[in-house]
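Note that the chains take the letters A, B, C, D, E, F, G and H in the order they are written out, and that residue 1 is the start of every chain.
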């Protein structure tokens, strides 16, 4: 049974490659989808398509509309959502995606470092499983196929 | 037509009192509900009810389960959600509540300072209205009754 | 049994007053809600609250976000939706509201002149009842209480 | 990941061929579905199947019931909806389809010329993305696969 | 706790009066709603509002659109549905209403004579409770308040 | 685009074979599913599996539980529902299936002879399309692929 | 804000009286509803209404249909569900009610003794909060009003 | 038409192997999924992934979060649910899964020995079909394909 996994969360490290590599090593029949991970492209996509906007808030709104479109398409096609929080940045997108996934009844795994236990406690409590490492998340996915 | 408004967001300032006071001055028939705004009580509620837990992560999980219970009860009774982001703290709870409210089709207003435009752009794009001040949010609510 | 009726549609005539007056004459226990019917206020509401915008498309987007917020609040509180199409203007708002109401399983009445039968045929077919006059719509509402 | 795209909107130009041609050039794994684009067939389908009707309103109602059946089947099978508004005609069908798509949580792109910004402002605000050209819509679709 | 009960089913006997009278005798806090029970009015309501139609099928379609509107409004406001089948007539309306109520998760009671056990077996199996008399249905309602 | 069509309705004629034969002749990529059409097997299935029951009502309830299970599985897998009413029998199953399909937002076609216009008028009004012959229903299905 | 609380679970002790008494002492604006707590009446209700059944399984099925009807009515009217598990009996009803409540997005509290931690672990994990005593459950309810 | 069947219920006998073997003998195009049936692995999975927990309740909560994740993924992919109750153990998981499946509109079969008729009566009444043996459940599945 092939499953599609949406990889929400930070785009400043290559954790998605790590997930895909390790899934391959474990021979898990998983397909992965994700947000735009090229940060500049993600920030510029609104202006890239719609042309220059009259200021920061408008540029951001244009970009976010295309990013949200992409996320909605891909998350609706997914069977599982993994959301990874890193130690830096606001990452409200990640919290938004995880919360939306939970509200859509998508089984959801959160990956976060120990340092973020407290600020993420309510979201962790609503997710199915919260782990600290990519390896642990993979073990949860692998458990489906045991 | 009386409406119930859930006031999500930071609990470190008295913005909720300000909202309620100004709604009263405008004679708007609004009833307000909110999360626990006593920060210590909110952090301790799990141990207050269930007894001492064996460490931080367990204390936090116990607290969050009661806080999430409260939020779910009150948000389901609400007609409108306002989520305020301040300049400090992670505030992933606020992002989680706003995202859940949007997924539940609750009409949602976000209040955030100009400095947070960029990190909140995707969430702002999904909310109905994003403003910068409590006064503006009140004007949006008042507009329902014009 | 009191019912709340959302009156979608054109804001260039006083048909809403007529509906309310006739409902009163018939002693129907109905409460009416509606979009902002002051056209200028409706067009300006975004800038009135958020301040001047850098052009027409941004002014319109700001206004529409507040108008959509209002409509969503009031339509969710309604038991019935009436949408009136006049002979002038694009009135895509009206088509949007009627279609959204039908998708939300709100019992829906369309009022349209004979001249608009053809362009409205698919929407009429999806609505519960299509009539040509306010009086006929009132008769449909009165029939609930016979 | 193959996606199905419903192309709502005007049937007086060959914009759907353009969309499909350009998607092919970009090697996007998209499948397109659409309403009946033969205008006469669309208007006559009710009488073609059910026989002559006793007047215009009945002919239109018969046709619209078959057209709505077709749209409901195809839109439910779609992952994305694109709705194009041209400068002529009432196009309430297009507004109805776009609004229904949004209510069904289908990620939705609106294409409309600059001249229609104002009358479409509330619908644009509810859609995910609004663009002015077929090329821009294709760029939004292509962005899913980057 | 006051409950609203929709009384679907045949309109050729005064069973609804009997239900209401007996509920009153038992002091049950129930409010009852029902379809139009004046058969002629129910058949003519389309033409009464929309004017003469060009034949039987069009008269019937006009009437049914108003009747369905009424049923949708009242059933959505109800907490419980009772559907009574008599020994005569097709009563497909009753089967339609009971099936729709079950699909809407309305707790549903069917009343039918012994002679109809076989043709109603699948619908009975989907309803919550099937009884043979109005008195039994009242006992089921009274049981809620024990 | 292959579609699955559930053929609800009477099991006393071979209309399902006719539908499938004609769909094949038209080269429509349709897959058909249906209730048990062996009447005796359908009536006996409860006792066939669960053993003899203590009377008619219990035999019927046992059979209907298995029939309803089958219908629920197959209708949930279907994209379109066709319900055919013949001139004989109560056919409340057919009305129940059509009403459930409509409530589940399955695009629905009703086939009924002219003699049944009046008793089926409310159900016809809720279905997408009502026709009188199998050929007409096939034309509606074929229209999807034009 | 008055809330309605459904008290699912064992009917062999008077824990419901205790809950209501303590809620009153705390001046909590709560209304309580519950299943039939007279065990014999609950077991006999099917035969009490429908007459003698031909054996145990039929008597039980008749009773359960009326009990399920009652539970469905009252749980749909509730804002919160509390499910108490005692140390004896199978209590599959309680597990069924708690699981249904969670699936219906009713905020849910489980009360269970320490001895039942292991067999209830998956259900506890899905509920909002799990406590060991009635007093703790009351504290959770009281927390809503702080 | 291939269907996926989730096999909920006790993990102390090899009844799942029996189901699969017999489905194969009958050439039924069924795919089976199930919870973790290695009891120790199921109990330890939380600590296996997350590391040692500070006590039984925490170990159990960690395990149940991963087990619930697995169940949610697999049940959402299933077309049918079979839940088997044995004569021993609390089996609240099984009741929880069956109740959740019913609430998710998954067609559901319960298998239980005669001795459990009484404690399972309400759950049996809500399921589609209740049988006593694996063979009977297979007959119900086979009936779909007749």
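FYI, contacts are C-beta pairs under 8 Å (C-beta built on N, C-alpha and C of every residue); 3 or more make two chains touch, one makes a residue touch a chain.
Note that the structure is predicted; figures quoted are calculated from it, not measured.
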| item | value |
| --- | --- |
| Chains in simultaneous contact with chain F and chain H | G |
| Greatest separation from chain D - chain, by CA centre | G |
| Winner on C-beta contact pairs when D-E is weighed against E-G | E-G |
| Rounded Å distance between chain D and chain F, as computed from the means of their C-alpha atoms | 31 |
| Computed distance of Cα centres, chain C from chain A, in Å | 39 |
| CA centroid of chain A to CA centroid of chain B, Å | 24 |
| Whole-Å separation of chain centres (CA-atom averages), chain A against chain F | 43 |
| Chain C: positions in contact with at least two other chains | 65, 68 |
| All touching chain pairs, where touch follows the definition stated at the start | A-B, A-C, A-D, A-H, B-C, B-G, B-H, C-D, C-E, D-E, D-F, E-F, E-G, F-G, F-H, G-H |
| In the complex with chain D, residue positions of chain C that touch it | 56-57, 60-61, 63-65, 67-68, 71, 89-93, 95-100, 102-104, 116-126 |
| Partner chain C, residues of chain E touching it in the complex | 4, 31, 33, 36, 38, 41, 45, 48-50, 65-66, 68-70, 72-74, 76-77 |
| Partner chain D, residues of chain F touching it in the complex | 1, 3, 79-80, 105, 107, 109, 128-129, 131, 136, 139-140, 143-144, 146 |
| For the chain D and chain E complex, residues of the former touching the latter | 54-55, 58 |
